[in-house]
Amino acid sequence: MDTLVGILMGSDSDMAVMEKAGGVLDRFGVGWEIEVMSAHRAPEKVTDYAGSAEDRGLRVVIAGAGLAAHLPGVVAAHTTLPVIGVPLYNGALGGADSLYSCVQMPPGVPVATVAVGGAKNAAVLAVQILATGDEALRAKLRDYKKELSEGLKL
Amino acid sequence: MDTLVGILMGSDSDMAVMEKAGGVLDRFGVGWEIEVMSAHRAPEKVTDYAGSAEDRGLRVVIAGAGLAAHLPGVVAAHTTLPVIGVPLYNGALGGADSLYSCVQMPPGVPVATVAVGGAKNAAVLAVQILATGDEALRAKLRDYKKELSEGLKL
Amino acid sequence: MDTLVGILMGSDSDMAVMEKAGGVLDRFGVGWEIEVMSAHRAPEKVTDYAGSAEDRGLRVVIAGAGLAAHLPGVVAAHTTLPVIGVPLYNGALGGADSLYSCVQMPPGVPVATVAVGGAKNAAVLAVQILATGDEALRAKLRDYKKELSEGLKL
Amino acid sequence: MDTLVGILMGSDSDMAVMEKAGGVLDRFGVGWEIEVMSAHRAPEKVTDYAGSAEDRGLRVVIAGAGLAAHLPGVVAAHTTLPVIGVPLYNGALGGADSLYSCVQMPPGVPVATVAVGGAKNAAVLAVQILATGDEALRAKLRDYKKELSEGLKL
Amino acid sequence: MDTLVGILMGSDSDMAVMEKAGGVLDRFGVGWEIEVMSAHRAPEKVTDYAGSAEDRGLRVVIAGAGLAAHLPGVVAAHTTLPVIGVPLYNGALGGADSLYSCVQMPPGVPVATVAVGGAKNAAVLAVQILATGDEALRAKLRDYKKELSEGLKL
Amino acid sequence: MDTLVGILMGSDSDMAVMEKAGGVLDRFGVGWEIEVMSAHRAPEKVTDYAGSAEDRGLRVVIAGAGLAAHLPGVVAAHTTLPVIGVPLYNGALGGADSLYSCVQMPPGVPVATVAVGGAKNAAVLAVQILATGDEALRAKLRDYKKELSEGLKL
Amino acid sequence: MDTLVGILMGSDSDMAVMEKAGGVLDRFGVGWEIEVMSAHRAPEKVTDYAGSAEDRGLRVVIAGAGLAAHLPGVVAAHTTLPVIGVPLYNGALGGADSLYSCVQMPPGVPVATVAVGGAKNAAVLAVQILATGDEALRAKLRDYKKELSEGLKL
Amino acid sequence: MDTLVGILMGSDSDMAVMEKAGGVLDRFGVGWEIEVMSAHRAPEKVTDYAGSAEDRGLRVVIAGAGLAAHLPGVVAAHTTLPVIGVPLYNGALGGADSLYSCVQMPPGVPVATVAVGGAKNAAVLAVQILATGDEALRAKLRDYKKELSEGLKL
């Protein structure tokens, strides 16, 4: 199974939330990898990861971050792959800091932002993105949507 | 050229902003259509549009809306295609109303939200999404990213 | 006793709050029913419920939802009955997300929004609405208002 | 035609917005009256108005106010009729001041709050409320909803 | 000792915070009384209290309230005594609801608002107000200010 | 006529708003003075002003400021007179910056905060404060309240 | 070792957070002192401290404060040394009160503001500031940055 | 005159605000350079600039940015020089987006944030920083502070 989705987060304290994205990807049979790297403390690691992501076969990057959540934007600056941002909530400012830092990207470099703490939905979105070029995955999504309507809890 | 991206908005007063998304898609040679339909005033039109979008060949839906911006979420409820939400600003509450209404989707049904008023970035994101299954488009994105770094204004 | 009020919520985790509305309706002898249905995961269930509510004899719908609280707006899109929205608070953004998503409805399709977590007041409002056409209920409301002024805790 | 809806506002500078509610009520053939009275400067006038509203035949009160928008809440304290609050925006705080002051009512005394500046929707809601006891009005609402879906601008 | 300050609150759940104001007044030898009365549930009680406060010898009223904190404004509407508002925090919206509802009063009817939860400071302000006409109290305030600068905890 | 109220502001660009306070004080026959002084650029001037205010015969200080509105708090730190803060709005953050900086004072040193831009109400509050020790002024306030209820615009 | 950095806070309840700044300074071999003094309760102590700081050899002041966080601004008003503000969070308003009160300083008197609760970063910034005139400290910062990139937790 | 301060901004539309920083630096005889570079569109240019800044003799970097204002944080990630962030306001969200994105940096990599639009204060702060190692500049700051107290407008 190819690794198509990279899951990143700025701090290992975010692992408990972000690894839920992996669980959802497993359900759809989509290969993934997960890594902790800070856009501010280890920017070259992030640049290298983002710059090589497409060549290594990744097709989508999910990046979770709190506070001034720059990680998704920095990744997006260094790749043409779609980048999904997951704002994380750390206590102050109601999480508006991470939400605004993820979503308010300038023209040219979007980050596809999901809800505060929305790691699972980031994974569903990644599957929807991959499915635009993969009829088998689209079929799985249709089944999944039917299950949702029947009460499936994500 | 196939129509791969549907651009929706809740009110024709949003046309001036939302049609900029079409301009960006043209640049990448991606076919699109644009329609005005309100999730609240004409919900069946939205349901029909969303429910048939995949069968009609669309691969991504961009939906812009202001106030309690439900349009992207309602579209997302009726399709498995990726839905990109563009919050629009109408004067009160700084646009936080439309941003929160777009992005804070519950588990299972994501909306890929871009910046308040970010119609152009919605189009860039749509191209990135389509490019996950289209090497020619990925090449165009790499060229585009180079142009951005050289000063291209979107 | 006819069932005049439908109480809906987007997730069964909201039951503890929303069933308080039923307790208030009982006090006034107003019949009610309660159901969990998500506007995003099971939109057809919501559409069917809203579309048939008037014919089934309902006169008011109360809908509670958190995050991007679309449930009341989606119900309102599919019925001409008055819809009361109860924003629910989930931790991030202070509940402003659900409040704005409930209340900022566009021209033509109102949602009568009460306080964050205000399920009891939604029920009082439902009784006030029904009483506009029911003198006996108006009398009960006058008694209730007198009791409130004497220290009754709702 | 009976006067069933009272439209109030705290300041005559709010008249241009609030009289739009009357226009919508006219469309449905619902009688209304409109008055300017401040909950803070002329509280007795408000108390008298609210206290006698039901006896004078009113069935719904719409109250618009800006800043610390107490008018709807004060009216609601003195009547058992349903009170619809219209928060108005005066420049600072994005209108959050009037929205919160309208909607965050304590248990026992609800205000049915609509969008910031939503005078037209207040009128639609008033008609929906009156229609719970009036089949002819319900029929008009069904026609109106059909017109909305066909593009009617409120 | 004359009773010069009335301390009000909207709900007895606010007593633990509000009675701290009494403790501060005791320190300055200023007589006070404390009562629970809701501007929304028992408006006539509030109107009577405020309307007779000056005649009964009160010189300042302190009113604490949460949510749509109308109590101080309603009191201010019915008396010419200075009214001090204490916004109280109930969980949602960070307390901005009660703060805005207290402070954003319209021209003509001010409420002297202190910090969210600031019952003690309301009492200090009441003493400062009374001291404008009472040299002995001004002397006590000067001593108190000296003690503050030496580390006194209020 | 004694000068009983000092009106301060942080910048002469605030004069147009703040001098309205003087107009209201004139109406009540209360003497006042007005000065521009910045708590940050000319702190000693502020300290001297505040420290000598009581001895010079002032009984209330009104201080208007925008942005991080420290002026009222700095004055309050250096006098035992009641200090009324007027938050002023400068474009960004909706005025919440000046409001929070005025009102959220720590225990021991209150600022009596009025609405954003509420210079007139600051003057009314100053009159109410002075009236606690001045029966003639209380009589004027009762007349004024009557005029307000009859439609007087402040 | 000279004492180059003064660490201040408004209340001893802030000590647990603020003393972390000292720990970071120790790591870089920068001498520091720490004191509790309130800009509002003991303003002269603050004025004296700030006014003499440069002469006593301090080169940077770090000031942490909550609520209407005036301490950093008052210090900045009385010294030409760079002042670093640390907004602290006390429960209400999400910490926006202290953040806005720190950062929104008027032209002429800046406060270098760090994140809500960011005492450690205040210390790193102090070291960066001192290093502009100290090559040995710059070398330590380069080592530290390398360690950060290798996973050092501050 | 050595170039000690680099002034950056994310878009040339920010030039009118940001070049005011240069004017202030001129007043103090501090050499500066100014450049437009986007952290998102031209990240390598930013990385190169930041990475070489210290070696080229810069001692402070001022970076202004709007929306998700990542520029100061990205610069700070690639240099050990102090980085001053100037949040810029673009219409939506009251500027809270750029403020939060600048200031809420994670432990280890601070950005010294000034007020929204505070380019002049960024320059004053830069001078204060440089003055920690330059007695002649400290003398100029003392003169400047005296002029401020005498009414100098920055």
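Each chain gets a letter, A, B, C, D, E, F, G and H, in the order it is written, and its residues are counted from 1.
Convention: contacts are C-beta pairs under 8 Å (C-beta built on N, C-alpha and C of every residue); 3 or more make two chains touch, one makes a residue touch a chain.
Just so you know, these numbers come straight off a predicted model, no measurement behind them.
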Legend entry - Required steps from chain C to chain E (each step between touching chains, minimum): 1
Legend entry - Contacts common to chain D and chain G (chain labels): E, F
Legend entry - Type of chain F:chain G copy interface by residue overlap (half), same or different: same
Legend entry - Distance between the centres, which are taken as Cα means, of chain D and chain B, whole angstrom: 35
Legend entry - Geometric centre distance via CA averages, chain B-chain A, whole Å: 18
Inset, instruction - Could you please state the distance in Å, as a whole number, between where the Cα atoms of chain C are centred and where those of chain F are centred? - result: 44
Legend entry - Residue list for chain E, restricted to those that touch at least two other chains: 41, 43, 67-68, 93-94, 96, 99, 103-106, 108-109, 111, 115-116, 148, 152
Legend entry - Every chain pair meeting the contact rule: A-B, A-C, A-G, A-H, B-C, B-D, B-H, C-D, C-E, D-E, D-F, E-F, E-G, F-G, F-H, G-H
Inset, instruction - Spell out the residues on chain H that touch chain G in their complex, using ranges where they run on. - result: 54, 59-60, 80-82, 84, 99, 103-116, 118, 120-122, 124-125, 128-134, 138, 141-142, 144-145, 148, 152-154
Legend entry - Residues on chain A engaged by chain H in the complex (per definition of touch): 10-11, 38-41, 43, 47, 66-68, 70, 73-74, 76-78, 93, 96-98, 100-106, 108-109, 111
Inset, instruction - Give every residue of chain H touching chain B within the complex, in rising order. - result: 41-45, 67-68, 91-94, 96
Legend entry - Residue ranges of chain G touching chain A (in the complex, touch as defined): 89, 94-96, 99, 115-117, 148-152
